[in-house]
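After this come two complexes, each holding subunit A, first together with subunit B and then together with subunit C.
Now for the complex of A and B:
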């Protein structure tokens, strides 16, 4: 019963990851040559031999921090608002509208931002409507544009995980704190935030991990300045054909991802068990 | 506080949906430079009918998604049944092994598949995409069907057994009919996962054999035209339709009332 599904996963996920690990130690592409395989660890020294990669990795991390931070700052209040300020059909509708974007194509959503952000785009029109003669916003092909696109792509994750955490907070807890004289900020910091923390953490992981591996958002919204680890890896496989280097970079990123999962495994396990 | 909360939610939903609305509207706008004022036309949609590449890509997308939905639903359901109805050692590990396809960034899984498939001679193309998509969809199917199985009363199966039914007959006569909504929901989910999948398809696409998202990506990189809006709108419509059926089948959003 289990064999077909796990066999399929073995062939399509686990063996490929293993093959990529081997590949990352190869000196050159082995295709089309009868020469014996030559192994090297040089691909993993890329950050030393190609110093520009350090800057690229830093861009990826900055994208991750900004996107995750903004998603948390917007997502938690939004989740609280769904749990506290809506009920019945309104809540159901808002909830469905929040998770609907999961089902739509990410590429299409990134593309939609180019309509708004480009020079002379809709956002520019709105700015000019409010303040004629203002300079063009023309945000497209900038770091903020990439962050906006990524927040748009991943905000629903944060709202969902935070909502699952705060929906179960008992009203009596908040009433009790209030009746004992706690002000709203105090209630938030001492009652709501600790209870929402598991949702915030799992949401942050769900966002940070794919963001540092993103490549189409920086490519489309960042243009020339959108060089990230994701686009560098994409280039190694589709343009430069340096697959061993691409494999090593991919695997380094996997290491970072696994380290994040390991560091947060306690919180994640609680959520999975719930 | 309530008014403030609702106002904030309205802003968040505006942020989530305004760009998509603009994108869709521009697909119906006559200007090929996305210029206003808005003058409605179906020109860009009729233009698609003559775009052989896009039509071929759409056919590929639907084909891959159909095969993925079928294969992932059968394999995932078998695994879900074994995981929920039997007890054996190593079950936590097997559950853990379902996470990598979901949790590892597609960029990493996609490039790994490319390396492995190329190396073993499986190569690129639709068959490689199907191999990849099914693997990505199986964990979701196990999750959806597993949730359905958990809600299904095990005592009904036991009653049928105690009345002398064989396990196979119990499965066909009791479990399967009760499980049908979950199975359809899982198949829809797998179909949507495959239809919207871009990253893995992108790396596994053979020259001249692409799916719709891959074709859209290369079109965007060449430059923006309203034709991309039109085809994106169609893809968006398909996803939203699938979602509405899925939501109705699984009754998500009504969880709190159960």
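Now for the complex of A and C:
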């Protein structure tokens, strides 16, 4: 019965990934050339032979941490508000508004941010309207601009996963905590947060992984600042046409992500079990 | 105004006439089909697929033209290698001619058979990029320069690429996200050959010195135009043809400057794949493409400079393309030439490292 599912998994996930894995050990692109394939592990030494990539990887990780952190800080309260303070049609409407960014083309979304954030853009104008003497507030081509674009793109994941976790919290638990004299912050920290943790964790994973590989937002919103592992890998595929190096860098980043998850998983398992 | 009165009789007779006309045209069409269809491999929207041009070519020769597109030069080469016989004309950046020739992908062309090639600027007709082992491998079509675009109306004086490292332009510069161009500009600044610079360390350091000025690393003409219109920068590495489009089509306050160090030239040529089965039709199409009449059509929507002297001379004196692409510049240019794979990779590496350096806070 599961055969079609496994078949689909094989075709859609393992074949492309496997092909990329083979690519990552090649010396040159195999396209159309009649020369025999030469295998090498040199591509995996990229971080050693190109030390500047360490700094680039750190930029990507910082982007990941900032974006995931802000998504968590905004997403959990938003999910709580939707689950606890809305009903029926209002809830449907709020959900629709939450998911709306998903339905817009990513490129359109990013370019609309450039209009908003640039010097003399909409945001700048608003600031000057409120405080005419203020310095120019153009955020475009900066680290915060990239984070803003990424948060906007990925926040819905966090809200949805947190909502699922928060909605299943039994009201009686909160009532019990209140009747035992806990104030709201205590209720949040000791009852709601631990129960919402699975949602936060799955949301964070869903966001962190694509963010550290993102290239469109850094490229368009980051300007000079926008060099990340995502753009370096993209360059290998589209500009330098060094697919083997691009694939090796992708798998290296995958390794880094898995290592981070492995480091966190011990702590999380304890918390989730408690 | 008289409304045309259609009665049944008139309708029938018209129908009959139309039918007769269709019949009459039948054999002609089939002969046109015999002349066949050729397939062109090119960037999308780069002249050969201009609808008006294709209509004129079809009317003149009866040949239909189909297109396939590529998004990068390596993709073009891959398509030629893996689809033998699929293409009859291919647009090649002449810097790639040598590579395509070595692999046997393109065929020598007898320029004498291309009537409109008679007007080619001599520097192009015998350009070392296309003249390999005494044979010509492509018909030079359009060319351009990569140098500086400077905002007008602010009284800016720029005569050197060093402006990009000048503190006066802090945060007001932009560079093209292309390894070959970036290396070439640094090579011009340090007095090296752009296709085989001897001191790559110097290239990297020169590019790194732009850091404080570089606000944007643009990768498409559209991105450049949006940012320039929003006053994001004043001086930028840019393409000569794109400057004419920015001025003519978008009314941007910008001028093209060839700095004292010179400029990077590129030349695109139309080639015939060795595997083409319709070489005569392909040659006809190439001849049509270098025809000044076709260029006039293309120029309406913003064409790069033609490699055909006759074409450029036919342009009005105030034409911006003509003003920017002066024949006397040709001697000041270093043309992008063939690059072996390992050197191309070295260029890509140095540029990637420079970009990572720019990104550091």
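By definition in this document, the second predicted complex is superposed on the first by the 238 of 274 C-alpha atoms of A that agree within 3 Å, B and C clash if a C-alpha of one lies under 4 Å from a C-alpha of the other, contacts with A are read in each partner's own complex, and residues count from 1 in each chain.
Everything below uses one rule, namely that contacts are C-beta pairs under 8 Å (C-beta built on N, C-alpha and C of every residue); 3 or more make two chains touch, one makes a residue touch a chain.
Bear in mind the structure is a predicted one, so any value in this text is a computation, not a measurement.
Overlap between subunit B and subunit C is detected when the two structures are superposed via subunit A.
By the touch criterion defined above, A:240 lies against subunit C but remains apart from subunit B after alignment on the C-alpha atoms of chain A.
Within the superposed three-chain model, A:219 lies in touch with subunit B and with subunit C [touch as defined at top].
Set side by side, subunit B and subunit C differ in how many residues of subunit A they touch, and the one touching more is B.
Once chain A of one complex is fitted onto chain A of the other, the partner contacts of A:31 extend to both subunit B and subunit C. In the superposed model, A:121 makes contact with both subunit B and subunit C. Looking at the shared chain after the overlay, A:129 reaches neither subunit B nor subunit C. By the touch criterion stated above, A:180 is placed in contact with neither subunit B nor subunit C. After superposition on chain A, the stretch of subunit C whose C-alpha atoms clash with subunit B is 222-230, while the remaining options among 114-122, 150-158 or 222-230 stay clear. Residues 31, 111, 114, 121, 219-220, 238 of subunit A lie in contact with subunit B in one complex and with subunit C in the other. Residues 1-6, 8-9, 12-13, 15-20, 22-23, 26, 34, 36, 71, 74-76, 78-79, 81-83, 94, 97-98, 100-101, 103-109, 111-120, 131-132, 134-135, 138, 142, 192, 195-196, 198-199, 203, 213, 216-217, 220-221, 224, 228-229, 232, 235-236, 239-240, 242-243, 246-247, 252-254, 256 of subunit B are the ones that touch subunit A when the two sit in their complex. Of all the residues in subunit C, the ones that touch subunit A in their complex are 71-72, 74, 77-78, 80-82, 177-179, 211, 214-217, 219, 223, 226, 230-232, 341, 344-345, 348-349, 352-353, 355-361.
Against subunit B, in their complex, subunit A makes its touches with residues 1-2, 4-6, 8-9, 11-20, 23, 30-31, 74, 77-78, 80-82, 84-86, 91-101, 103-109, 111-116, 121-122, 125, 152, 155-156, 159, 167, 209-210, 212-216, 219-220, 230, 233-234, 237-238, 243, 246-247, 250-251, 253-254, 257, 261.
Those residues of subunit A that touch subunit C in the complex are listed here as 28-29, 31-33, 50, 52-53, 55-56, 59, 111, 114, 118-121, 140-141, 143, 219-220, 222-227, 231-232, 235-236, 238-242.
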